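Read through the structure below, which is laid out as structure tokens, and then see the notes.
To keep things simple, chains are lettered A, B, C and D as they appear, and every chain counts its residues starting from 1.
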Amino acid sequence: MGKSRLEAFSDGVIAIIITIMVLELKVPHGAAFDDLIPLLPVFGSYVLSFIYVGIYWNNHHHMLHLVHTISGATLWANLHLLFWLSLIPFVSAWMGEHQFAAAPVAAYGAILLMCAVAYLILARVLTRHQPANRALADAIGMDRKGWLSIALYIAGIALSLPLPLIGFLLYVVVAIMWLVPDRRIERRLHDPA
Amino acid sequence: MGKSRLEAFSDGVIAIIITIMVLELKVPHGAAFDDLIPLLPVFGSYVLSFIYVGIYWNNHHHMLHLVHTISGATLWANLHLLFWLSLIPFVSAWMGEHQFAAAPVAAYGAILLMCAVAYLILARVLTRHQPANRALADAIGMDRKGWLSIALYIAGIALSLPLPLIGFLLYVVVAIMWLVPDRRIERRLHDPA
Amino acid sequence: MGKSRLEAFSDGVIAIIITIMVLELKVPHGAAFDDLIPLLPVFGSYVLSFIYVGIYWNNHHHMLHLVHTISGATLWANLHLLFWLSLIPFVSAWMGEHQFAAAPVAAYGAILLMCAVAYLILARVLTRHQPANRALADAIGMDRKGWLSIALYIAGIALSLPLPLIGFLLYVVVAIMWLVPDRRIERRLHDPA
Amino acid sequence: MGKSRLEAFSDGVIAIIITIMVLELKVPHGAAFDDLIPLLPVFGSYVLSFIYVGIYWNNHHHMLHLVHTISGATLWANLHLLFWLSLIPFVSAWMGEHQFAAAPVAAYGAILLMCAVAYLILARVLTRHQPANRALADAIGMDRKGWLSIALYIAGIALSLPLPLIGFLLYVVVAIMWLVPDRRIERRLHDPA
């Protein structure tokens, strides 16, 4: 079975997720620059969430690039990932509208955690389906970054209850870690085995 | 006529349907974990609807994979299916916001029923158009599961008026029935005649 | 220049237009079947608009199928069509929420009129660009139906001011006229010159 | 790495941006033509924003047409552009709802400015990646128009504080400047080196 529709559907869902988040930036009732100030936390939350959804699209793009066929299990592992991604706009808005209070920051981390777990499951399903694809298996060495992210999300959730800003900063750190391009995959792609 | 635009358009509509449902999860006014509790029924409704829309995308993907050309009737049978699917976010939100009360649960079942009927019509239009395509005709053996679903939806609608939770549980049962992959189609796809 | 991205972008915009209209079906505050009754006009409006947007997608699909290359003018003629289509959800909601009152019904017709004009312009731009493409020129014989629609829309707008329901019925008539498949194009497609 | 998914994802995001802007046209409470009058500024703002997003889609389409492979940096330069484009609906609504008051008009210009900067960065990343691609380098001669736009946006922002309508008019001028097709790229496309 081809992968193009899976990619197209995932692109569609991720494109909608990344775009509807901006609807949380409610148009201010006043017409002065000062009326934008209360929106700053929502905007900050939007920026981080935009980057996270962008990272997932990017990694999804890279990972599926290495895959040639997909199974029924892949379709569901992919929908499972899209499900958790679809909750990012909700926790992002909750976190922004309450100025990074403890519970929303922890909930934001919990959704990021579930996204990371769902991504790892998808990676596993893809490698199980074609174990001979060493390029992919190697790319899944990306696992290491995945597990580190999971550890940092759990730390972020735990820390956000007493110190929400520390939790938020940990999520920022994970995002920066992923923004740095994964040299291993790039190398594989430019120099396929 | 090619089928790629039909697939692309259907992917787009289904991707939007599955994603705008999350807009029903209204951001809580409070910033405590307890403020999430009133959202639980809406969340449960969202999970079931996400799975249903995912099942339809999955089956649509499989069925069109077996088809090579499409007619004008196919386009309209497909739009008819998309119409009923587009009402899932509405009944899903109604059901969730009223904690699975009788009328919303029955209405949810009625929309699921119409989606199933529309799917069967689409399958018929596709086989009528290329009767020689045995792989497809066989896949439409999926009919059996389709008719069983229709019977269960009708039972669910009838039961939901006195006992809404029983109706809801029947819809969950149908979803689980479809989550189990359809071995016959998968086999065909891996081993095409 | 290829046409695939033009098709993909148009599919995306039309898919979103057809789907966001359902957001006008506001979830009722009550949980009884009676609470659905006030939604009936909005629902009727949604059904007609869904069919119209479906007709445009269908015709767009057919027309571009006959085209091989596109110019810069095509891109803008296409965006012009998408602009007027994007206003259908707005007038559709206005018409539905005010139970088919005179001004909203006339405004609905005016938007349908502009969509039809924009479609004719797009068809002209496409034929001008490749006059040798007789299949297309012939398909644009579809013009006749287009001009008849325009006349009926104008009649509908004029009649809707004293008799809004007559205006609405005229729009329904035009939709039915388009739902009947255009045999000429279908024949061309199955039997290309 | 192929560019088709990058195009598909960008098409999806831009299609959503251009379409959700229409949600800012709130359905009037009254059913008379006069009830549309207060919407006129929002409508004017929508028209300009629709044209701008259309211009970006158009240029994006042309520019990527000339590119054959993309790097990881391209993906992020592209997401950066989509980020600023995603804020157009927000500033567009703010500007429309406050009848082109000073601060919203300046903010609108600031977002247009950031979009233009992000577009130039994307163009640079693309040429850096394949310096030998003269067709592209030449098209980026489009730079000149880009830098002129940036100058006009800055003038528009500065002027909009005392004279918001002048600022708005400058943005209209820039849009008209881009609506005129870029002959150089069109020529290249029809007559590739």
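Just so it is clear, contacts are C-beta pairs under 8 Å (C-beta built on N, C-alpha and C of every residue); 3 or more make two chains touch, one makes a residue touch a chain.
Since the model is a prediction, treat every value here as computed from it, not as a measurement.
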item: Most widely separated chain from chain C, with each centre as the mean of CA atoms; value: A
item: Interface residue identity across copies chain A, chain D - same or different by half; value: different
item: Angle of the C-alpha superposing rotation, chain B to chain C, to the nearest 5 degrees; value: 90
item: Distance between the centres, which are taken as Cα means, of chain B and chain A, whole angstrom; value: 26
item: Averaged-CA centre spacing for the pair chain D and chain B, given as whole angstrom; value: 37
item: Residues of chain A touching at least two other chains; value: 8, 12, 15-16, 20, 23
item: Chain C residues touching chain D - in the complex, by the definition given at the top; value: 1-2, 5-6, 8-9, 12-13, 15-17, 20, 23-24, 71-73, 75-76, 79, 82-83, 86-87, 89-90, 93-94, 97-98, 101-104, 106-107
item: Chain C residues within the chain B interface of the complex; value: 7-8, 11-12, 14-16, 18-20, 22-23, 25, 27-28, 31-33, 35-36, 47, 50, 54, 57-58, 61, 65, 179, 181, 186, 189
